[in-house]
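Down below are the structures I want you to see.
In what comes next, chain A is part of two complexes: it sits with chain B in the first one and with chain C in the second one.
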Partner chain A sequence: MHETRPAKITSDVVTLNDGHLKAMPLLLGIGVIGLLASFILSMFSSAGGSAFERFSFIYLVNFCFVLSISLGCMFFVIISHLTRAGWNVTVRRLAELFAMCAFPLGILFLVILLPVLMGYDFVYPWNQSGWSAHSIEQAEQIAALDAAAKPPIEQLKGAYLNPMFFSIRAIAYFLIWGAMGAFFLKTSLKQDDSGDVILTKRMQALSAPLLILFAVTIVFSSFDFEMSLSPLWFSTMFPVYFFAGAFMSGLITITLTAMWLQKNGRVTDEITTEHYHDLGKLTFGFVVFWGYIAFSQFLLIWYANIPEETFWYDYRINTTGWGIWSLILVVGHLFIPFLAIMGRTARRNRTFLAGAGIFLLVMHWVDHYWLIMPQMDAYGHVFTFNPLVDIPCAVGMIAIYIAIFCFVAKNRPLVPLKDPRLGEALNHAVH
Partner chain B sequence: MADKNDKDSKLVGLLAQFDDPDSLISACNEARLAGYKAMDAYSPFPVHGIDPAIGIQRSLLPFLVFCVGFGACFAGLGMQYYTNAADWSPIFPGYAFKISGKPLFSFPANIPVTFEIIVLSSAFATFLGMWGLNKLPMFSNPLHRISRFKRATNDKFFLMIETKDENFNRSETESQLNQWGAVAIEECRQDLTDNQLPSWVRLVGLLGVFLLMLPPVMIFRNMGMTSRSPRLHVVPDMDWQHKEKTQVLSPVMENGEYLFTDERAMRKPVDGSIARGQLEVDSEMYRGVKKDYKAAANSAKTNARLVSASIEDKEDAPVEPDQADQAEDVSMWMTQFPEGVTVDQAFVERGQQRFNIYCSACHGYDGNGNGLVNQRAMALGANGQAQWTAAKSMHDATVKDDSKNPLGRIFDTITNGRNTMGPYGAQIPAEDRWAIVAYVKALQETGIQPATASTETDGADEEKQTDADGGSDKEEKTS
Partner chain C sequence: MASVNPAIDIDNTNEEPGTRAPLVLGGLDYAGVTETVCAPWEAENPPKIWWLILAAALSLLLVLGGCVNHLLMKGVGVWGNNNPAYWGWPIVNFVFWVGIGHAGTLISAILFLFRQNWRTSINRAAEAMTIFAVVCAGLFPGIHIGRVWVFYWLFPIPTEHLAMWPNFRSPLLWDVFAVSTYATVSILFWYMGMVPDIATFRDRCKSKIGKIAYGILSLGWTGSARNWHRYEIAYTILAALATPLVLSVHTIVSFDFAVSQLPGWHTTIFPPYFVAGAIFSGFAAVVTLLVPARALYGLQNLITLRHLENMNKIIMATGMMVGTAYGIEFFIAWYSGVPNEQFAFINRAFGNFWWAYWIMVTCNVVIPQLFWFKWCRTTPWFMVIVCIFVNIGMWFERFVITITSLCRDFIPSSWAYFHPTGIDIMMLIGSFGLFTTLFLLFCRFLPVIAMAEVKSIMPHGDDHH
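For the complex of A and B:
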């Protein structure tokens, strides 16, 4: 039998070092250069639409990519407290830090939000006067057939999808996420000093209502940010799909960050193979959950075969380029990782798990690209993938995100120092 | 124990008792290092670290379950393919029925069932595999004859080293176990006496098998017999559905009168309603009428009339003069192919194939108006046994003349019929109708002369027939 470890932090260093913090301006610089390069190159992109439109779309893809990571980590924190989890205490601080990153991301969203407020329709078609799902000829025919028709659905949806209400909601989301992230991070940091058990109890008590608040905000933000790109498409399963990918990528990000920190001599003792194994199990579970939700959404629409819903999938499956992209998504986001991280041995091998994690993050990016980019040309049969535009933007956004993480983490401990369940986490073993 | 005769019992191992899990694990480690392989440990609860201590390899079970699940995936898909789409087996053909135009086999529809089959088979594989690997069910185990062993489910820990281990030596093993801290050591003996089943068990078993065979025998017997009692309706609302068959009288009656004046059970769509996907606003594509032609402006209404005309009855007669009026104005018809249609080799070949299927029966493969139906009908007509208007030759001057018979008019003829020719709009999709038009024009380019037989029969009436499109004179013509 192995010995029981005392509930004490034994690593030499548990914070980021100065080098990481000094790299922040460099990372921000890379970020800005990447985004600018993407914008300039999008002027020469052959795919339809203006440079503003092209850039706004790829920017939204990458923004949603990093935002979903933060939201996944926020869910990780909430669910840990809700279930009084002990095993993950040593990785929970990383999740708290990433969750806190959601608030600064609100500034990055201004790139999308300000044009919307100014009345440009770079991304959201509902921000265009007289937007309609039908061609003008069809609309006239329908109007002629039924003079006493109800107001068109575009008009009804306008009550929800208008620049002002959209902006209010967006600001509310980021404020709520900021408040939630700050609550968990501050309370947890306070416990590092005092070790007060009452702080854990307070977080546990609030985790249930905050989970509901989190659910509401993630549902409506996914409707607003991604689904409203196709405002006349209907799917109530879309937010669950968004959430499944978000939590999966959040888990992977925690895993990869912990590995990176340990490689750099941080928190070397606290996070063990047992933790990676369990994170890997959860990742595997949410790979399958993602597949389950993705297929459920597809099957319902495919089987009902109603034109109002099928067009969304029809375009993504039956056009050149997007068809292959969908296939890559199904194979890469479900089948390959399903087989790859199903085994115990695979999940306990750090190198392998890191490789699988990076692969899955790429697939998560592919997923957001698949959700957003086909809407760019309003089904004009343009396959938009252009590495010269898309990759600098992704690199830039990720660099900024890492800079935000360093900014949030500062010199704060990367593990909770005096959590009452620390002993349980340190002695965590999976059999 | 030692005094027992070896004829009646066999030594299977030495059972050593320990008082706490730590000494059990250390004893297991010692035994493994001493080279013992055939041994097993027993404890009231799962002890962490016992697997490596006793030298247990990773279980084969996950791999087994994976293989079964993987196989079940293909078995499930195969089963569905066989039942839904295969019809080649002569003995048990699948139900390869085309329903609502859906494909016989389509992946998305089959995935839920496949998924369930994988889950079910994997669960069975796990459960049965666990039994198999643990050699269950085991009706008796010599360990249960040792009274001390009962505490293995309560508070004591045991290690048994079996005699089948090649390092086993009765006295040496016992001293080793003592050395490793065993609190007590006992021999485990298998009773060799009286291991036969009691004879009544076999009797009951035989009787049970016999009784089990009765139901299938009775079912087979009844399958070959007739019965006078009415059959049992298990699902009555499937046997008696709330619907009417096609072409029957309406069941809706009041005071012995039909509520619907046409007395039909089949109802027409409500006026002005159009089925999904049937709006067909593009008059050029669907009616062969130029877009800017005034009569086509209210195309939706025209369409509704055409729909009602196709399930024609006498009240709707006013449609007729309208169509006749339109037909007289040749300028309304399209003189070229509509925008949605690309005329190329494949398109004309499609037209040829459709023409051969739908048109050649009367008009002949060469379009000369002398198909098999026409030949037979003409023969009967000559005997006065039938009334028949000779099928038109595609090569007649009037049919070929683009000013009198532009493309749109040919299209309209296929769609709505003309004179005695029936409408084919319901059978042939619009695109295929245009393909036939293209093929007809191609046939006309071949330079085939109109068949003499056809022109002789009603040559005088030829001009008259094409000019006057009123349907009234067609009856008299053949007489």
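For the complex of A and C:
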């Protein structure tokens, strides 16, 4: 039997406690230097294309990496309210804060969006008419499609993949995500003052329609941001794949942030091993779910062996460099974590769980790299990995992301203070 | 005869944040739960309506038996299957029934791992329903193979005289593995969970034969702490094993279609989309069965409105997942630029079988939207109507996928309209007879509600941890 804890926050410090004021300039500095270094170094990168093209690609990888974390956290918030979850109240604020970060990320997306609007095809080949003529690899398929279908493939896809419509959609996504993130964060913060139960009810009521909106935006944003990099390729599974990785990375980010805060003397009493254990279980579940989705998508395309689809995998598997990268992804994103965090003891050990979490985040980055980067050199047969360009960009983007988090978090409480289900979370224990 | 609880619905669907609505109503204590669950079983005679439904179900079962016999005598030509629709209603029925057989394991395994306490009142009946649905499902491919007497060739059995193996590259063989594994684990899970309750029946049974039968089935259960300890470990392990099975079975079933190159079948979202559809139809079937069962047996205090409402919410959520998949399929068919894909989907919606497509969309996507209204998802008779529509829709989904794609294959000269035969129709109807018969027998002879598990979530049960 266990003692029942009163539904009260007992930690001494539950905010960043002005820590963000010191951290933000530093992080922004690292961010700007990292991105600049990556850009400058990409000029010396020999792999085909201009420096800006090289930089844009790795920028998009890192952008999608941090964006997916925010979207994963947003899903965490929505599903918590939808299911009236009680156990996770004490970590929900972190998810709310990260979800809110999706909106400022829209500004970072301008680096990709503005060149698209100006007509450059640094990243998205569909932005230049005649793209289908340049794709030597798929020339046959395109010729066949053009012959069979009216209008020709480029014109057909142009109705969806054109700079104006793409920009409108992108802006719409960020506005929707911003509105959703703000709604949950503001309502939850309001409850910190009043403890009003009505606010919980309001969030519960709206979580269902907002989940639909979330689903629609994640489906089309994954098509737009990542799948359309290879305009010929298509897979109905792609949004599910994107979502699986996003939710997994969101869970890990919540876990790691909570650990970091506790290590620094904040929110010490509210988040317990039980919460980490459950977050670890969910992470494990979504590691497997990711593997399930990735395998299903691959198997179906490999088995049917239709050239319109297989070229995408063919390139990622049968090219020097990318083949090994694919192998690293399968082993690192599925097999190793599957064995590592299957056990109860492993998940209840904070150091171990933190290590596994960092490893999985790296793998999540590898995943986005694998989705995006091969499209850069798809026609040149060059493996693009260049740590001098890629790592500064990753460090820079992550630093900016943490800075955004600090900016959003300010001195706001990092745990809901008066949530009606706080008691349930504080007493959360598995019998 | 034990007294049956008054058949009134207490509204426990409102849950103030911070409190949890009770899941056992009517002031029932431990003994009360046992009495309520045992009452229909201890009744000397089942209610008249039980006999009536059993009579109807047995008649349908007879129809099924007759059809199967006819099929065995004449061959599979008695079905409407023909060139180019080599796969006809039998496959549609197979996928339909396998889909229904998904809710039970989801409730028992996944909801258990998610610590959803409300599952305890419904898991037993749902699991039983799952097994009976899998029995119905297994029947159709079983008799579809032509030479039923060598059905064991489906399995890779090494023999000296039979110098051949099944095709390991075929998803149909994977189906054999997936469905048989699923059936095995589901039965094991169901039976193991039932052992403490069967022991209760053993202790309360008055007839000698009953005592012996339930005695054997209860495996010497004494209810000791050691018994419970083992039981709980085994339950958790089985739940963890059953969880991937919930996904794997319908994933493999979807592979039957999706590994092919046929437009309308080959689309990568099939695995999760099929799983969502299966859970959708499975929950609809659970609601359809439990609403009348709780009224008949006076179980309103255990299978409360809140349980029904939760299930209806899951139905609504999975229904929308299915709807999203329809949408994504359509969008990508256009976006792909592949004329065959585009044709397949336009043909689905506006071709020969447009009526089937729109029945599917109406039943699966439009009608469940009624559950946005609280009245609709908390009014028992109304939700049954919605759930029946859902299952009609899910049958038509499989019909649409199978038939419309096959009837418009790559050789326009072989395009044809599919006509089911009378045997097709009678077999589908007859399979409901098999299903209902099994379910009625279950209701009569086995504990319909997991008494022991319900007690474990009752508030005063907490002290005993």
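One rule holds in what follows: the second predicted complex is superposed on the first by the 412 of 431 C-alpha atoms of A that agree within 3 Å, B and C clash if a C-alpha of one lies under 4 Å from a C-alpha of the other, contacts with A are read in each partner's own complex, and residues count from 1 in each chain.
Everything that follows uses one rule, which is that contacts are C-beta pairs under 8 Å (C-beta built on N, C-alpha and C of every residue); 3 or more make two chains touch, one makes a residue touch a chain.
Just so it is clear, the structure is predicted and the values come from calculations on it, not from any experiment.
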If we overlay the two complexes on their shared chain A, which of chain B and chain C does A:K157 touch? Say first, second, both or neither. second
Using the touch definition from the top, say if A:Y303 reaches chain B (first), chain C (second), both or neither. both
Which partner, once the models are overlaid, touches more of chain A's residues, chain C or chain B? C
Tell me which partner A:A429 touches in the superposition: chain B (first), chain C (second), both or neither. first
Check the residue A:R421 against both partner chains and state whether it touches chain B (first), chain C (second), both, or neither. second
Which parts of chain A are in contact with chain B and also with chain C? 1, 145, 299, 303, 431
Where on chain A is chain C touching in the complex? 1, 84, 86, 145, 148-149, 153, 156-157, 160, 197, 200-201, 204, 208, 212, 215, 219, 223, 232, 234-240, 281, 288, 292-293, 296-297, 299-301, 303-306, 308, 419-421, 423-424, 430-431
Complex interface listing, chain B residues touching chain A: 21-22, 25, 46-49, 51, 62, 66, 108-109, 111-112, 272, 274, 276, 279, 281, 298-300
Can you name the residues of chain A that touch chain B in the complex? 1-2, 137-138, 141, 144-145, 295, 298-299, 302-303, 307, 342-344, 429, 431
In their shared complex, chain A is touched by residues of chain C numbered 15-18, 20, 113, 115, 244, 247, 251, 255, 258-261, 266-272, 320, 324-325, 328-329, 332, 334-339, 342, 372, 463, 465
